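Letters A, B, C, D, E and F name the chains as they come in the text, with residue numbers starting at 1 for each one.
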Amino acid sequence: MSAPIDLPKVLTPDLEASLNTLATATLTHQLHQRGIRTTFLPGLKPLQPEQRMVGRARTLRYVALREDQQRTYQSGINAQKRLVESTEEGDVLVMEARGVAEAATIGDIFATRHFVLGGRGIVTDGALRDTPAIAAIGKPVYHFASHGAVLGRKHMPFSTDEPITCAGVFVVPGDVVVGDGEGVVIIPMDLVEEVVQDALIQEEKEDFALERVAAGEPTIGLFPLSKERTPDFEAWRDARKS
Amino acid sequence: MSAPIDLPKVLTPDLEASLNTLATATLTHQLHQRGIRTTFLPGLKPLQPEQRMVGRARTLRYVALREDQQRTYQSGINAQKRLVESTEEGDVLVMEARGVAEAATIGDIFATRHFVLGGRGIVTDGALRDTPAIAAIGKPVYHFASHGAVLGRKHMPFSTDEPITCAGVFVVPGDVVVGDGEGVVIIPMDLVEEVVQDALIQEEKEDFALERVAAGEPTIGLFPLSKERTPDFEAWRDARKS
Amino acid sequence: MSAPIDLPKVLTPDLEASLNTLATATLTHQLHQRGIRTTFLPGLKPLQPEQRMVGRARTLRYVALREDQQRTYQSGINAQKRLVESTEEGDVLVMEARGVAEAATIGDIFATRHFVLGGRGIVTDGALRDTPAIAAIGKPVYHFASHGAVLGRKHMPFSTDEPITCAGVFVVPGDVVVGDGEGVVIIPMDLVEEVVQDALIQEEKEDFALERVAAGEPTIGLFPLSKERTPDFEAWRDARKS
Amino acid sequence: MSAPIDLPKVLTPDLEASLNTLATATLTHQLHQRGIRTTFLPGLKPLQPEQRMVGRARTLRYVALREDQQRTYQSGINAQKRLVESTEEGDVLVMEARGVAEAATIGDIFATRHFVLGGRGIVTDGALRDTPAIAAIGKPVYHFASHGAVLGRKHMPFSTDEPITCAGVFVVPGDVVVGDGEGVVIIPMDLVEEVVQDALIQEEKEDFALERVAAGEPTIGLFPLSKERTPDFEAWRDARKS
Amino acid sequence: MSAPIDLPKVLTPDLEASLNTLATATLTHQLHQRGIRTTFLPGLKPLQPEQRMVGRARTLRYVALREDQQRTYQSGINAQKRLVESTEEGDVLVMEARGVAEAATIGDIFATRHFVLGGRGIVTDGALRDTPAIAAIGKPVYHFASHGAVLGRKHMPFSTDEPITCAGVFVVPGDVVVGDGEGVVIIPMDLVEEVVQDALIQEEKEDFALERVAAGEPTIGLFPLSKERTPDFEAWRDARKS
Amino acid sequence: MSAPIDLPKVLTPDLEASLNTLATATLTHQLHQRGIRTTFLPGLKPLQPEQRMVGRARTLRYVALREDQQRTYQSGINAQKRLVESTEEGDVLVMEARGVAEAATIGDIFATRHFVLGGRGIVTDGALRDTPAIAAIGKPVYHFASHGAVLGRKHMPFSTDEPITCAGVFVVPGDVVVGDGEGVVIIPMDLVEEVVQDALIQEEKEDFALERVAAGEPTIGLFPLSKERTPDFEAWRDARKS
């Protein structure tokens, strides 16, 4: 567990700084523009809606409990323990639990361990256990439900650092995970740079539009930005920069 | 877009003032008493549960996306833009999105435009985009879900100011929409006056009952109010007025 | 309604004090250890997530509305009134409403009466009416939905103090009901003593593990507690006590 | 188990003969005309869609399994056995299982016993076990799902011959249960006579309309029957009778 | 009602003959190839799975019932009657009922009228009433559920021959509707010719592949058809034609 | 693809012959008796309810579509092709598709290939494409839905012969899969022998009970079989054998 995990680290400090300013909605739009339609995870609630989460996907897959297999998958250093203990600075734990609300996927002790090791957030399309204690940690966590029971009821932790489907979205270990008050988006690791670049431009345009609309202008020509208004936008942008 | 919208405005300042004091539960009950059973929109979450919303229904209907129709319904001055830009003081935007959680119906720029133009609130049985930014506006918004994507994924904006079904409730443009921390109720425009009148009386009786119950009296005879306790109620009401 | 309700009162002041310190997750685990798997109520939202609820189950069952039976089950001193008015100090009202979100099971006046009489909390797998007013009472309430309508739409109050199924969990009148920010767990009345005793020990071990993990130790050996680390735990426990 | 069950028997041979000719849709309509809106059980599949079922409701309620209560409710002569063994000629077994698809409510042996004793049909809003064997009996059965497991997984049989909610419809023991290829309707026992009487008239009118429409006439004036066409109908009816 | 409906008729006898040989799966694939992803209606059951349905979409939209609007939308010559009575040879009736299973959208008399007038089929994402009688007509009908009640419970018929969303698919009046044992697909009217042309070629290739696979060849190279196997296919096709 | 698959073959001809006589309900019960509760797959429909299916589980897992990964997982000899082409005599194809109804997992050509290679059946908790053509093959297939589209809409085929969760049940490649008109049960490969042995005894007892109940005896003492009736059963069994 001491050897570094063999997964790409695509997040440079610059990219991370940029992602910390970009809305998940903007990132989702940029991916959609590239023909990648299913990247935002619907139906998950943030425990800390005012915080932002940026990190590298570390994946954990739960399968249905079968009692004759509990010894194999649940006891000892199981997949959950392996994954949490191998957390590196900057990791986000993403779990596949198939929308099951009737047993939890992680509790406060493993969540604490994740954050102590430098983890940046936890995402599950299943339930949390110890929700109040996990909320008290004060770090970004996204979940589908809460339940007082964990292993032994519905799930077994099965595999780590393999591709999963979480909340209907395909996640590859090493992908970039971003969360805000709206929810969570997965950015394929190969696309992060270009997506961030274009998202920054898009967000500037939306900031311009929002400022003008808040000041009383109609949306037409501002959103989406028309050719006619592009000079206005550029002047505004240059003024803001200086 | 400059001509006033041809929809009845049934809300006088007095009615509006009264509606600002009446719970959606009381209004729902009054409509139920008149045999109108399906007026409260179940399953919607308020972004500002402590605020009240009162206004005139302006309706927008989303239909399922079909890519060969995107040019017709989505580009240019589409139905969404037309409706938002024609918002008048006192309007509430009500959208039919058939409970689809996997693509949004409105984002922060159009929401801002709605409120700048004097809009009083936004109601969707689909998803919001830019939920944190919309919440930051600080005005009443009711929604079923949040999603990072908007047009081009599930919906096309289709028609404006025509009757719709939102969250299972029939809404006619011009109807009165009231929201509080419980949710949203639709009052048919022809019935507003009588409903408000009777709701004010009902709420007085409930206030009386609540005060007495809080003071330790049993509910029986107080709620519903019995003949025997009516004089007590009337004395209390008269005392309160003076 | 003045005669004391003929239901066991298994909660001594000591048990209650202990239960006020025990997480629903810990209690759910202890019941699971005894082979009782379905005791935590999934899908309910707390109105006061920061509060704790401990009390004796008083049950109320709603059945589907049938208009020819309304006189029998709904008018006069119906089951809802009977149950609420017979609330004793320490009771929790638990309602079976089969997950119906489109009509409420209780409003603010009956909720107030429950708390005035010493009730400790309200649990429904249906909807609340007057949710903002009930939230303003500031006492523990757990619900599935909110709706502006109550009787006469979907439900009739049917029976009191008989076993029910609430949110998929079997509840016997007299059972112990515990709630926290995670949700609600039902403890069969015969098992409260032993469950509390073992839960206190379990929670001490989890506190020890959490403290060490927060301080930077790996989870392995700490959770679950290994033989090797048991002396450490015991020393920590003894030190904490003194 | 030898004493006759103390439940009204409202079905005379004449009523039964009439009900065997009346569609569940016609009966549902007659009840709706009397203000009773929720009498048809949605979502149930008939094993024998071409057969008709008419009988008296005998009710059985399942509650959620709780392992500490299995001895009380499941072993020995439990509620299921009591009810099935007390079946009388003309009874229909109606079970409340709250839409649970993941464990069955009855298997082939008890189903066989029901029919041997003169039972007329089985209705469950849960699952059947031994579905192929039950289908092979060749008698009317309506169910929500099929599952290989029965007791000990999700349910305990709880009470017999008490009012229940099946598929969202309130059922009183002794009510009349009618089934056809469309599904099942519950007729309150007090209303059977008048409902049958009016349903026979309604069905005659619909037969007339259907015959004319099949012969090429427009629906207008025929369905619903107008004053102008009433003499035509009456002539047709009199001709058919003779 | 005697003037011909002003809707395009794009189905020539040749196209219709071709469509009668093409699987809905093949047509769905051809539309998907053109970037139109949502054209197959999921979740509907065929009453006559062995029959094929080909026709022109005539649309009817149901909205939520609101009792104060029943006179306007339900009585007299309502939208349902208008649409059914205006059926022309070759029409398929497609209804939007938003997946509501608890009230029907059409019964046997109007269904009969549809077929008498030359209608080719009925599609609803809501319920049928008189399902056994409609099945007895022996013509193609696709539905989501069955229910004994029709108007006055959940729906009002609202508009005719306007675009709708049925089972999550956008349908324009005049579009081509095709059904088989798998379900229903909507072909945008402008695309029918090219879709049919390419679908015929695709189906020939699939027939070739299926024949060879049935004869024991591996799927690779056959499905999808590789360059290497194209000459084989062409020889087979030419042989079949002659 | 010519090397035999490296998976245990636990099914001897004797076991297979026995399993062909055993109901899935009986097998589910035997597994439940051993503490293995979740082995029957709920919610799947048989295309051939009158047939029986017995075979070895070959597993295929679908994940959510992500367009940037289509080249990797979908084109060329993808997981679906690899698995189907490696089918051996006696295999059952079991697919994990997470209950997605809006895109299919297999069509008629691959289904045909499966059966040509000696496959015994197909099980999916997603949709079939070409359902009528697959039904025409006349072999056992169990599915959740039907849809005209296959790859490129919701799924990518991901992995083969690894453990999966199908319809909420954990399936290990090599496990025994049994299907009848009720549905499908998974028997852990290590337990097949003992489960079959005990299931044969159980089924004999149930046959005895059913015969007697059909002949008019009460269920009590017969099901479950009491000590008092055991001699009767043994006599019946011995008589039947000779």
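Side notes on the structure shown:
Quick note on the criterion: a residue touches a chain if its C-beta (ideal position, glycine included) is under 8 Å from a C-beta of that chain, and two chains touch if they have at least 3 such contacts.
Small disclaimer: the values here were computed from a predicted structure and weren't measured.
Listed options C-D, D-E or A-F contain a single repeat of the D-F interface, assigned here to D-E, on the basis that more than half of the contact pairs agree by residue number.
Ranked by distance of CA centroids from chain C, the top chain is E.
Most remote chain with respect to chain A, judged by CA-atom centres, is D.
Here the CA centre of chain B is 50 Å from the CA centre of chain F. Computed from the mean C-alpha positions, the centre of chain B lies at a distance of 37 Å from the centre of chain E. Centroids built from CA atoms put chain C at 33 Å from chain B. Looking at chain B, residues 37, 39, 168 sit in touch with two or more other chains.
Which chains touch which is summed up as A-B, A-C, A-F, B-C, B-E, C-D, D-E, D-F, E-F.
If you check the complex, the residues on chain D that touch chain C are 34-39, 63-69, 98, 156, 158, 163-165, 168-170, 172, 188, 190-191.
Contacts from chain B toward chain A in the complex involve residues 77, 81, 84-85, 101-102, 104, 107-110, 112-113, 116, 127, 129-133, 135, 145-150, 152-153. Residues 23-25, 27-29, 32, 37, 39-40, 42-43, 49-50, 168, 180-183, 185, 206, 209-210, 213-214, 216, 218-220, 222-223 of chain E are the ones that touch chain F when the two sit in their complex.
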